[in-house]
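Per-chain residue numbering starts at 1, and chain names A, B, C and D are given in the order in which the chains are listed.
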Amino acid sequence: MRKGRMEAFSDGVFAIIITIMVLELSIPHEASLSALLPLAPVFVSYVLSFVFISIYWNNHHHLIQAIDHVDGRTLWANLHLLFWISLIPFVTGWMGENQFAAWPVSLYGVVLFFAAVAYFILTRTLISLHGRDSVLATAVGRDLKGIVSVVIYLLAIPIAFVNSWISFSLYVLVAIIWLIPDRRIEKNLPQ
Amino acid sequence: MRKGRMEAFSDGVFAIIITIMVLELSIPHEASLSALLPLAPVFVSYVLSFVFISIYWNNHHHLIQAIDHVDGRTLWANLHLLFWISLIPFVTGWMGENQFAAWPVSLYGVVLFFAAVAYFILTRTLISLHGRDSVLATAVGRDLKGIVSVVIYLLAIPIAFVNSWISFSLYVLVAIIWLIPDRRIEKNLPQ
Amino acid sequence: MRKGRMEAFSDGVFAIIITIMVLELSIPHEASLSALLPLAPVFVSYVLSFVFISIYWNNHHHLIQAIDHVDGRTLWANLHLLFWISLIPFVTGWMGENQFAAWPVSLYGVVLFFAAVAYFILTRTLISLHGRDSVLATAVGRDLKGIVSVVIYLLAIPIAFVNSWISFSLYVLVAIIWLIPDRRIEKNLPQ
Amino acid sequence: MRKGRMEAFSDGVFAIIITIMVLELSIPHEASLSALLPLAPVFVSYVLSFVFISIYWNNHHHLIQAIDHVDGRTLWANLHLLFWISLIPFVTGWMGENQFAAWPVSLYGVVLFFAAVAYFILTRTLISLHGRDSVLATAVGRDLKGIVSVVIYLLAIPIAFVNSWISFSLYVLVAIIWLIPDRRIEKNLPQ
């Protein structure tokens, strides 16, 4: 099966999710600077989620570029990833509207954790389809970044109930780790 | 006529419909777990509809891959399918907000029924365009799954007024039947 | 300039416009059939606009398929068309929420009129780019349907203040005229 | 790396941003002309932002057409541009709802300023990737329009607190400057 339509559909979903989050920035009725201030936490969580969804799109782009074809299982692994990413606008809004309170910050980590797991499953599905000697398998390698991210999420989820800002900083740390694009795959691409 | 743009437009519509449903998950103003609980039925119906729209996208993907070209009638049969699918977010939200009450659960089935009919019409339109000996016609075959789904919907619609959870379970049953990707077409694809 | 990206962007905008209209169908808080009834006019106007946007997408598809390349003027003529079509959800919602009152029904016609004018400008821009002997010019011909539509809109806009249902019926008439796909272009396509 | 998916994703984001702005045009509950009047400033700012996003899409189209490939840095420079453009619906709505008051009009300029800076960074990233002798570098040249726009934004941001209509007129001026498509690149394209 060709990969083109899976790319197109994923691009559509990524584009919509990254954009509808801005609708959470509800427009203040007053035209003063002080009317904007309550939006600051919503804006901060918007920026964080914009970066996370950008990272996912970026890595998805690299991943799909390294593969040749897809099958039915791949489509479902991909839809599973998109499901968890589709929940990001909700947890982003909840976290922003409640000034980074414990429960929303913790749930934000839960959604990121399941998105990471879904991405891992997608990667494994693609490797099992293309073989352990494929460009993709070599490129992904031991997937250190992926493992580190999941460990950090598992720490951040309970820590939110002690101090939610530590959890928030841990999410920022994961984003920084990933902001460096996935050179493993880029280096190993044939073209 | 080439099929590329019909694919692109359909992917766009599928991507938007699957994503805007998450906007029904209205963000609670409080940051407690108890504030999340009333959202549980909305979330459950979101998951069910996410799966149904994924199934439609998946089967649409398989269907269009098996064809060679489209004509004006195909475009309209496709738009007719997209119309019924565009109503899924509405019935999903109504069903979730009213804790799976009889009328919303029944209407959910009505929309799924018409979507199934529209998909059937699209399939027949494509078969009549490509001939009864085409890859597509062979692949679709007797379309047992499609017929079973329609029968289940026709049962679930009135049953909702007896016990809406039986209807809900019947929808879940249809989803499980379809979650196995349409191997008929995959097997018969030339490439 | 290649036409691919203009197609992709237009498909995106058409797909979003046709889908966000469904958000106007605000979900009733009660689970009874009587709670659905006030939505009937909103639903009727949704169906009408779904058909109109489908017609535009369909004709746009046929139009762009008949051309070979685009230039800067084409991009702007296309954006101008998308602007008027982007106003359809607003007038659809206004018309539906006010049970087809005079002003909304009249404004609905105004937006359709300008969309038709914008489509006419796009067609002329493309013909002047491809030459009067091109496949496109032959295919479009005298554009009788386009002229008839514009005349009907110009009648329907003032008639709304006499009886808005006559105007509504005139819009339905235009939709029926266009529902037959643009065989002129299809017939003249080289492939 | 191929540029196709960056185009597709950008088209998706542009299409959604340009379309969701229309949701700010909240539908009046009354069906009279006087109920429409309060929407006039929201409509005017919608038109202005529609034109600005159209200009960005248009120039983005020209820019990407002049390049051959992308790398990881390009993807991030592009996402950075999309981030600032994603804020346009928010500032558009704030400006429109507050009848072009000082703070919203000023913030509108701030967002346009950062979008212009992000576009400049994207251009430089692409030039450094393709070489100073590339088609792209020749086509972009000294980028006079870009520099003039940034200077006008920097003037308009403080002027809003003196008279916000002067700032508004300056934004309109920038739009007019750009409405003429970027013939520099079009002229220098090989095909």
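Here, contacts are C-beta pairs under 8 Å (C-beta built on N, C-alpha and C of every residue); 3 or more make two chains touch, one makes a residue touch a chain.
No experiment lies behind these values; they were computed from the predicted model shown.
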Furthest chain, CA centroid comparison against subunit D: B
Copies subunit D and subunit A - interface residue numbers shared by over half, same or different: different
Centre-to-centre distance between subunit D and subunit C (centres being mean Cα positions), rounded to whole Å: 26
Euclidean distance of C-alpha centroids - subunit A vs subunit C, Å: 37
Multi-partner residues of subunit B (at least 2 other chains): 8, 12, 15-16, 20, 23
Subunit B residues within the subunit A interface of the complex: 7-8, 11-12, 14-16, 18-20, 22-23, 25, 27-33, 36, 47, 50, 54, 57-58, 61, 64-65, 179, 181-183, 186, 189
Of all residues in subunit C, those that touch subunit D in their complex: 1-2, 5-6, 8-9, 12-13, 15-17, 20, 23-24, 71-73, 75-76, 79, 82-83, 86-87, 89-90, 93-94, 97-98, 101-104, 107
